[in-house]
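In structure tokens below, several structures.
Okay, so chain A shows up in both of these, paired with chain B first and chain C after.
The block that comes next holds the complex of A and B.
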């Protein structure tokens, strides 16, 4: 343990070299840019910039690349809040309250809350990695198919029944999402599903294309109908906003703690940042006193998903280092980088490549601090984007959306699909069908299905596998409680009334 | 974008022209970045090889143009193959293949065959090894086979990458030799499969060496036998007392199965002969670099290198083998 701290301080010394610090700042700035462009995403950004790093030492290279990763995590929040376009999949939940806040003229507050929450989540995860890395790596090994399915089950359950729309519309929207998510190759049988012989559909509907269309294009269509102007251009444009928001944040410590734990768990297990953000938002809405106001611009609705997403994104690097299995697409590209630098990810990396591992961990601390400083100083600048006339910014957004949709698979058909999703998003909003359940189903549906079918294959069709050990039973039970929470709550209230009712005459 | 590209084009052509004048005559040079399509996801064996080659080429300045690696993994790689098939005459596009070159069109009925493409070179063949968890009592392939034979059908679980692809083909071959059924569980990637074995969620895997070597070194996994005709020719100690060479072949352990996977390059149809010659030459240079040798060593690859006629012959026989294996397993798509 003490030796580890020695290593960590040695890591700080490595990171603090001027050359590495410069790389860090460059990495963060590039990352923010990459995160802002919808569709480009951290994974693509890192992949494009990976060749630049081949001539550097592995430690410098990983510092720069991981900083791109942090930058992208920060950047994803910006477009979600300002334009309702999530730049990254895990930013979708941030739009639910972040965008309404921006419309109310609180873009500065929302951005500050998002950035600060990101920082807190990431810092918590790095602390977890520093202190209990070996323990945590073993925890990840416990996750077989039933456990993985149970995690997705919990994510769905904690999110179902949240929207204000009628339950049947929510279910219809979610089922449509499952249907769209099923298009493409069936991983379990190796056969094509729902492609009707069309080559363009081989790849299925990528989640990012759907999100860019449904949210980004759909929102622009709505704004056009409502009179070609942004609401929320009255946003305050000075650094005082940052300090004022900071003064409000400490009272949400419980949300922070819960979101950090959810995030770390999902990042390590490895379900990833996207279910973490949805789950954290869902649970915050259930538990918070202001839960009924979620979706109208509550700051807690920004804090919860952002904290969890970043805790997950950061802790996702742990399984990559210790097991060689990436917890996110970006981590997968970083993994490729490790191999090129001649490092072998796996359980022995911690003992064989101390300099590298502790340099990476030290760069997580430093990178996040530097990143927070950079993005916070830019808050007024970002918020001022809303002052640009809609007629100027809307075409620019459209272009970025199209580039983003194209970049996901380098496929022009995806740009067409994005426009179709845009029109669909517009009509769904007009007819009060919620978008979030559909998005959740597209992104997690096929993974949940995969876990479910793998479990049933190994148990030969016995559903008991989902309650076969303590870990999976606990998660499944939590899921069921979350699913039936409204019913349970009603019963509890009734039971209390009953007890009160019987006690009152006696008292 | 358009005008920038054109400018870039002109600049590159100019550089190329000057070089052609000054140096010994070279028939063809790339004039803009070269694209390598990977018909699989990030982090897999093909992706690793493409990215390492990208790194080697840029680090040693082997090509005037940079390399771009693009993953097109949709439809078990069908997306990538169709993309290259439809880029007729594009001298700046390559695709790196794995066994899905044969299995994907057979299993899904996608209108594609390797004969639609221009073969360039075989870079290496990837080995398959039968792995079990090191905590299990099976010390040899025979121990494990005996345990499978002693238990009812479907008791033992084999984890593998994808469905109706190489891992499942080997599993079916094992079932045929032993005469017992295994439960095959498909996962997305080889790294994930290895971790599932470490976690004890499956009983065995047929991971490629590079996917499982880290866990072997950490003492978590145990190799039982290699699916090749002879032992691997790598004698450096990987763990305390074992090298790749110490792993017996499956044949000598009573499991007479051989399977090797192609790691080779193709180009779109209708490309110029000179361009193909350029890439063959480029790959030969890549093979001489220390980084490439390290990759071969780490992954215990079979370092067969083939081009031209020999490569085409190999492909023809490999296609026939896959068709036979997949027909007898009932994996062919219904026409």
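The block that comes next holds the complex of A and C.
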């Protein structure tokens, strides 16, 4: 424990190097821009900017990329509140009360509340990461192939159970991801599979291309279909408004605490920031005494989803750095970055790459503080980006997506694949197939398969190996509960109704 | 926003048809996956499960899920909900087609020239900007990209005849 704090301070020293500080600020600014622009989000924003880091040291690279992510998380709130357009899916819930507040002329208060809540949520999640991640990593060092597979199993089952989309759509899109991930060279036997003689498929489908296509191009196609008209409120953020709002916020400490806990839970299990924000908003609405006024511009309605979204977005990195299992598509892209920089994600990072891990954790603290300062001072600048007409922004975003896709392998075929994934993303999104499980399956497919096959190899094909000891059985059982959660939930509700029905007189 | 747009007036392909189409397309991919897995062997080899083992079962699950999804759509009550209005789809295509041409051009002209053309096309066609503004943005963005990627971050991007002519 004490050694960890020593490491953390060392991490701060790494982050405080001038070069890294500059990267941090660049990262945050780029991130907010990415978060504000339609069609660019955390995941594909980081994916597109990944090539810029190829020539940097891994620590500097992760500082810049994670700061892009923090920036994107902050940026989503700006468009939600001022334009009623959620820049990111996790800021949809922020529009419910944020935009009405802006309409009432309280845009400044809403923005301050949103940014501060984001900050609090992120800080809470970073504290959780600092305290828990080293323990988890230490624990995970003892994992054998069955345990490793069971962790993946739990992660993917949580998607099915926690997703708001129909379970079979989640399963279909997830398994399609595994299938796409399997294309190319088989890691274990060195055999080619599913390539059907096409040379371009030798290395399989890269998930970065999938991310850029599915989220970037697909999103632009959706935006085009809806026909955009940005008519926003203007924001004046001055020190007085900020301080006044800050004076009001501490009384909502209970909402903060609850939203932080919801966010961390949803972020670590790969449900992600979006459901966390909705859940937190829903619970706040039900519990608050101002609940009936939610939707008309209540500050609590901004605080709850923003805190939870940021807590979730940040804590999604916990399983990524301690287990090598990303909790969100953006965390997956960061994980892909680790591989490109030549680091092996997983529990060994904490022992072998101390500088890197603690530099990352320290940059989470610093990045969020710097981020809060930047967004509070630069709102008008960021809002003005949205006033650039879409006919100028759309082709520029397309160009950046193409550059991002090309630079992954210096291959123009990837740019074509990006477009194919884009069309796929458009149709899947319109028909409610969740994209995140698919992306995560493409990233983790090889590793999950390896764990699965190695386990079976050691047990000579007996599936009982996944229930062979207490640890692996527990994780697998949790996974099964998560998988069948929708069914369990309906049964529980029915049971409760039944009990209530018998206790309470009819009518 | 989506929902509102697709439920208000106008005609277009029904949501149902598209839903079945997407599930069908996934099912086709699944069948290809199953076929390819069987080709490399799905059984137990000398060194454990063969290469096709995992993708076979994964594809099988996709196929089953697609079947269930299609059945769910068919069982559901007939709704008038449309996928998108034709005019909206035209909008989507009007972005998709130029982008497809752009992607096809990149290997031949390099990414910078193709990008300039794409931006210019969008600004003239959709934005109805004057030539001056169009040319300014269409030239500025690729040049800025060139400086950022090739000079600062030393990341090479696809180049074509123009760059060769200029000596890069």
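The criterion applied here is as follows: the second predicted complex is superposed on the first by the 274 of 507 C-alpha atoms of A that agree within 3 Å, B and C clash if a C-alpha of one lies under 4 Å from a C-alpha of the other, contacts with A are read in each partner's own complex, and residues count from 1 in each chain.
The definition used in the following text is that a residue touches a chain if its C-beta (ideal position, glycine included) is under 8 Å from a C-beta of that chain, and two chains touch if they have at least 3 such contacts.
Keep in mind it's a predicted model, so treat the numbers as computed, not measured.
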For chain A, which side has the bigger count of touched residues, chain B or chain C?
C
If you stack the two complexes on chain A, which partner ends up touching A:402: first (chain B), second (chain C), both, or neither?
second
Going by the contact rule set out at the top, does A:220 touch chain B (first), chain C (second), both, or neither?
second
Which of chain B and chain C A:324 touches, first, second, both or neither
first
After superposition on the shared chain, which partner residues are touched by A:346: those of chain B (first), chain C (second), both, or neither?
first
Classify the contacts of A:389 with the two partner chains as first (chain B alone), second (chain C alone), both, or neither.
second
Given the touch rule stated above, what does A:51 touch, chain B (first), chain C (second), both, or neither?
both
Does the superposition put A:168 against chain B (first), chain C (second), both, or neither?
second
Per the contact definition in the header, classify A:461: touching chain B only (first), chain C only (second), both, or neither.
second
State whether A:416 touches chain B only (first), chain C only (second), both chains, or neither.
second
Do chain B and chain C touch any of the same residues on chain A, and if so, which?
51, 54-55, 186, 188-189, 191-192, 195, 410, 454, 457
Contacts from chain A onto chain B in the complex sit at residues 43, 47, 50-51, 54-55, 140-145, 184-192, 195, 199, 202-204, 323-326, 329, 332-333, 335-336, 339-340, 342, 344-349, 409-410, 450, 454, 457-458, 460
Chain C residues touching chain A - in the complex, by the definition given at the top:
1-2, 5, 15, 18-19, 21-23, 26, 29-30, 32-33, 36-37, 39-40, 44-45, 47-55, 58-59, 61-62, 65-66, 68-69, 72, 83-84, 88-89, 91-92, 94-96, 99-100, 102-104, 106-107, 111, 115, 118-119, 121-123, 125-127, 129, 137, 141-142, 145, 148-149, 153-158
Looking at the complex, which residues from chain B come into contact with chain A?
41-43, 47-48, 51-52, 54-55, 58-59, 66-67, 69-70, 72-76, 78-79, 82, 107-110, 154, 157, 162-165, 183-188, 191-192, 194-196, 198-202, 213-215, 217-218, 220, 291, 294-295, 298, 331, 333
Residue positions on chain A within touch of chain C in the complex are 51-52, 54-55, 166, 168-169, 171-172, 175-176, 178-179, 182, 186, 188-189, 191-196, 217, 220-222, 224-227, 389-392, 394-396, 398-399, 402-403, 406-407, 410, 412, 415-416, 418-419, 423, 426-428, 430-431, 433, 449, 452-454, 456-457, 461
